[in-house]
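Two complexes follow with chain A in common, the first pairing it with chain B and the second with chain C.
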Partner chain A sequence: MKLALREMRRRPSRFVTATVILSLIAALLMLLGGLLDGLIRSSTGALRAQQAQAIVYSSTSQASLVRSRVDPDVRQAIEQIDGVTAVGGLGSAQLGARVPGNGPRDLADVALFGYELAPDGVPDPPADGQAYADEILKADGVTEGMTIQLGPARTPVEIVGFVKDTAYNGQGSLWASAATWRSVLLANRPDAQLADGVFQALIVQGDADIAGRIDEATGGATESLTVTEAVNAIPGVKEQQSTFNQIIGVTIVIALVVIALFFALLTVERSGMYGVLKALGARSGTLFGGVVVQAVVVTAIASVLAAALMVLLDALIPPGSIPLQITPVRIVLSAVLLLVAAIAGCLFSLRRVLRVDPASAIGTTV
Partner chain B sequence: MYLALKEMARSKVRFGLLVAAIALLVFLILFQQSLQNGLITGFIGAIRNQNSPVLVYSVDGQRVIQGSVLTPDLEAAARGVDGVGEVGRIGQGTFTALPTAERLGGASETFDTSVIGYDLGEDGRGLGSPTSLSAGRYPAADNEAVASSSDQASGFDLGDTIRILPGDEVITIVGLADDAQLNVTPTLFASYTTYEAAVASANPDARGLLPNVLAMAPAEGTTPEQLVANVNAASPDLDALTRADAEANTPGVSQVRQSFQLIFLLYGLVVPCVTGLFFLIVTFQKANTLTLLRAVGAPSSRLVGSLLAQVALILGSGIALGALLYYPISQQRLGGIQLRFETSAAIFWAVLLLVLGVGSALLAARRVLAIDPIEATTGAGVGR
Partner chain C sequence: MNALELTDVRKVYTMGDDSEVVALDRASLTIGSDEIVALVGPSGSGKTTLCSIAGGILRATEGRVVVADEDISAYSEKELTRFRQRMVGFVFQSVNLVPFLTARENLLVVDELGQRRGKAAQQRADELLEELGLADRAKNLPSQLSGGQRQRVAIGRALMNDPKLVLFDEPTSALDTKLGEQVMDLIRTEMKRRGTAAIVVTHDERILHYCDRSVHITDGVLAA
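And then the complex of A and B:
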């Protein structure tokens, strides 16, 4: 191990190119993971924040808020189910918002939610005509106390505070009373308006297994999902996750092959030296351990460089362009995956290390 | 050349690993190229392949058809500008649709489906209709539609019927259009009345349905760009775009392109780096042999030629293998996205990677050229 580290200190140039390549691959892994996290986060925050055992949609809505409508009689049936402790309505409207100080064509994309049960991190519903805004709307110039205008009818809504991680479909969310949501819908999207008492979805709190019982009680008029199921039912979420994870998987295999290739070449080059070391009593395990240590060090340095590059990239990307989200968890996960690939890649060199015959040291130039 | 091939045959694992690495990289690049193009076509194919040269949104719509609503005063303002030739309404909504074709064997899978309603005109080719059909005919009456051809297998084939849920609104498919999806969902082009009926079927509370977008053709002597300028000057709440701009400015399209460009840049850098590193190390390892060959009279050009032949062969094999791996994947659908073999992209990447790979090996070639045959008598090689 000491020998391996000493070689890296004395001849760093030998490892520079491999470190650069692995840094690029590590950066790719973190970029892909960061894009996936960014896309999912900006699409699902409003549902992830719900404190519910079930989110109830109408059965034909494909778990889409804008296509779902749950009537008051269905709500009543759900409220009477044993194990249900609270039921609240939820509705949404996606609109353009005119922000004071911005140009007449420079609108902010918002998703207005009308709610009765407060999601995690969101206070109880504010007074009519007011809303809490997701903090990503700050990038559009939205500030606390400001009155913004929603939709073509320019319905005024006063911002009374900010909340975190509640974006929906890539839009900043606004959280308002059910009455505010209903009036905004009526004024701006008459084609999407719902009668009094009708909501797009219901948030149900109660027993952990309540979802199945709700659909039974409503005679199949509803589709009840857990929060995780509702998040995965948002169009594109599952597809994005599986596609990105496959690409990340193949990229890890590429890292493994590159590391295998690099250390196989180094091992071939060192065969003579390994013969001498074995002749002096070094065990194959020790020699292979040295290769693994070098691979781990190169990978660790590459991961640190890539992480720095990604943090820099994240800072440089203007808000609203590429949906990149670089988190410590993603960086550590990418580094760990790369380390596993590095160690696995070294196994290609194991056979060659084992095959080195100490007798070959006699008469060779090291 | 012979020596180069012989060396590769003797070191199959080494060269094989390099070919595998390049093949996987090429496969990923091509796959993601397909994914990018498929995703963008799935998002905005219905805009790109409709026949209206100009689309007029409300500014509030943020260039999303479904998000745009044209109030009567905005519609009147747009219709009244100079240079307007023909105008039609477009309405678009996403609905839950149930294909009911008998050949599906009673399968009850429902699909998110976009319905685009437009004024049919006399022959069904009113503004907003698909530019061309791959099969069938244009709708001639209400409750007939042209469907995106990539969804045939899901029950959106010629003659199939689709029921909008909830309700009893049934639409019959009479034509198919290629690359005509919107929002990566099966897409139906039908009469505006059919669209209105679908909205009423899905939401009985809906009142006062307004068009989402106006489709416009300029009058003779007016260009689409002039018409766009005229409409935008008429009201700050109108947002007119040419077809190409409407396609490019749909939210998400530029983000998808930028994200993939960043990914391609990194993958594109890895290929020459891996190739260059490999041949540099191999050249170092062969230093003594190469020096000896130079000493016995082998010209530098032959040694460099052998090296470049190896590089070209390895890259060629890797690229060919990567393309072969990509071919079966490119025939699949990924969720709602139709992938396809992108021949021009494959050629572009093959040439680019070949040039970059050979370029990266020039460092190794420089080392070979630096060999002094006299070193054979001193034991020093290029690596010393």
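And then the complex of A and C:
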């Protein structure tokens, strides 16, 4: 191990190429992960923020807000259930918004929510005609106190404050009273208009296991999900996750191949030296341990470089422009995956290290 | 105690096409605890093979190999590795120092890969470098040393583990005559100072007088 580290210090140039390539791969890995996290975050914020033990959709909606309708009688039935402490309606509408100061065709995509029970980080519903805006809408020029116009009917809504991490479907959300949401819907989406008391979904607070009992009590008229289930059921979320994870998987395989090739070549090159060292009494395990140590060091340096690059990138990209989210968790996860790939890559050299014959060091035997 | 006892040792290499090469045939050889024996013979006669078997690098096909009262004939791969760490030193035909380690580190590598005695090993390395006239070269890389100096480092490396038997496979073949004689002189001095036994493989008749006696080998058969 000492020998392996010394080699790296004395001959850094031999390891530069591998380190650079791995740094790029590590950066790609972290970028992909960051994009996935950012996409998922901006798709799911509105539901993740819900303080609920169950989110209730109508049973035929496949957990899609736009398809779901929950009638007042269902709501009453749910409120009767033992263990339910609070029930609030939730409705959404995805619209283009005109922001003062922007060009007439430069619409900001927003998701307007009408709510009764405040999500995490969002105050209680504001007065009618007002809304809290997600801070990613700042990138579209939205400021506090401004009145923006929603949809083709240009329904005015005054922004009275900002909230964090509540985006939905990649759109900045607006949080307004149920009445505001209903009137916006009526003006802009007459076809999707809902009668008073009808919501797209219900936010239910109460016992942890309440979800199952709700569907029983409503006789199957509802589909109740935990927040996590509801987040995963948002159309596109699973698909995004599996697509990105496949690309991430392929990237890790590439890293593994790079490590395997690089150290296989080094091992071939060193077989003479390994022969001598074995003749002097070195065990194969010690020599292979040196290979692993070098792979781990190369990978660790590459990960640190890539992480630094990501932090820099994160600082350079204006907020709201692309959904890139750099988190320590993702960086550490990427580094750990790379380390595992590096160690697995080394295993391709193991056989060769084992096979080096100490007799090759002495005399004519090759 | 004898440094080496070979009794009826045979070594047969089996080639890919199932033909066999007998590299050593019923070789018996006893070397006393501080004897320096020259092993002389034409190319391909089995000199390297004999050294490799005596040093626990190769296993004999038949016969008994005892080094300093330790019978290694039936040793496994692992046991042979440990045996080499403790009991023997090698100086190879080509010099084979680790290129990115300094002279001193090339000696210490024996300890790092083997017994790990730490401080004691460092002290020993410094003593050896001093004795070998390399004290001022301790921090040099092999590429910064002359051929003779490199060979001296290799000798120091072979002595690091306080071996009972040192095997020199043509230690002077890469050196010119004068340097070769200097190195042989050094080998003799070092061996006699420690009372360590050695086999010195050579083609070179001029080297013989540095050894206590010589053994000839032809086609794998020993003759005194």
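In the analysis below, the second predicted complex is superposed on the first by the 349 of 366 C-alpha atoms of A that agree within 3 Å, B and C clash if a C-alpha of one lies under 4 Å from a C-alpha of the other, contacts with A are read in each partner's own complex, and residues count from 1 in each chain.
We take it that contacts are C-beta pairs under 8 Å (C-beta built on N, C-alpha and C of every residue); 3 or more make two chains touch, one makes a residue touch a chain.
Computed from a predicted structure; not experimentally measured.
Following the overlay on chain A, a side-by-side fit with no clash is recorded for the pair chain B and chain C. In the superposed model, A:L3 makes contact with chain C only, not with chain B. When the shared chain is aligned, chain C comes close enough to touch A:L280, but chain B does not.
Residue by residue along chain A, chain B and chain C are tallied for touches, and B comes out ahead.
When both complexes are overlaid on chain A, the residue A:R355 reaches neither chain B nor chain C. In the superposition on chain A, A:R11 makes contact with chain C only, not with chain B. When both complexes are overlaid on chain A, the residue A:L95 reaches chain B alone and has no touch with chain C. Of all Cα pairs linking chain B with chain C in the superposition, the shortest spans 11 Å. Shared contact residues on chain A (touching chain B in one structure, chain C in the other): 365. Contacts from chain B toward chain A in the complex involve residues 13-14, 17-18, 20-21, 24-25, 27-28, 31-32, 35, 58-62, 67, 69, 71, 74, 94-96, 110, 112, 165-166, 183-185, 199, 202-203, 205-210, 236-237, 239, 251-252, 254-255, 258-259, 262-263, 266-267, 269-270, 273-274, 276-278, 280-282, 284-285, 334-337, 379. Interface residues of chain A facing chain C in the complex, by the touch rule stated above, are 2-3, 6-7, 10-11, 272-273, 276-283, 286, 358-359, 361-365.
Across the interface of their complex, chain B is touched by residues 17-18, 20-21, 24-25, 27-28, 31-32, 35, 58, 60-62, 64, 66-67, 69, 94-96, 104-105, 107, 109, 151-152, 170, 188-195, 198, 235-236, 238-239, 243, 247, 250-251, 253-254, 257-258, 260-262, 264-266, 268-269, 321-324, 348, 365 of chain A. On chain C, the positions that touch chain A within their shared complex are 44, 47-49, 51-52, 55, 57-58, 78, 81-82, 84-86, 90, 92-93, 96, 98-101, 105, 109-110, 112-114, 157, 161, 167, 169.
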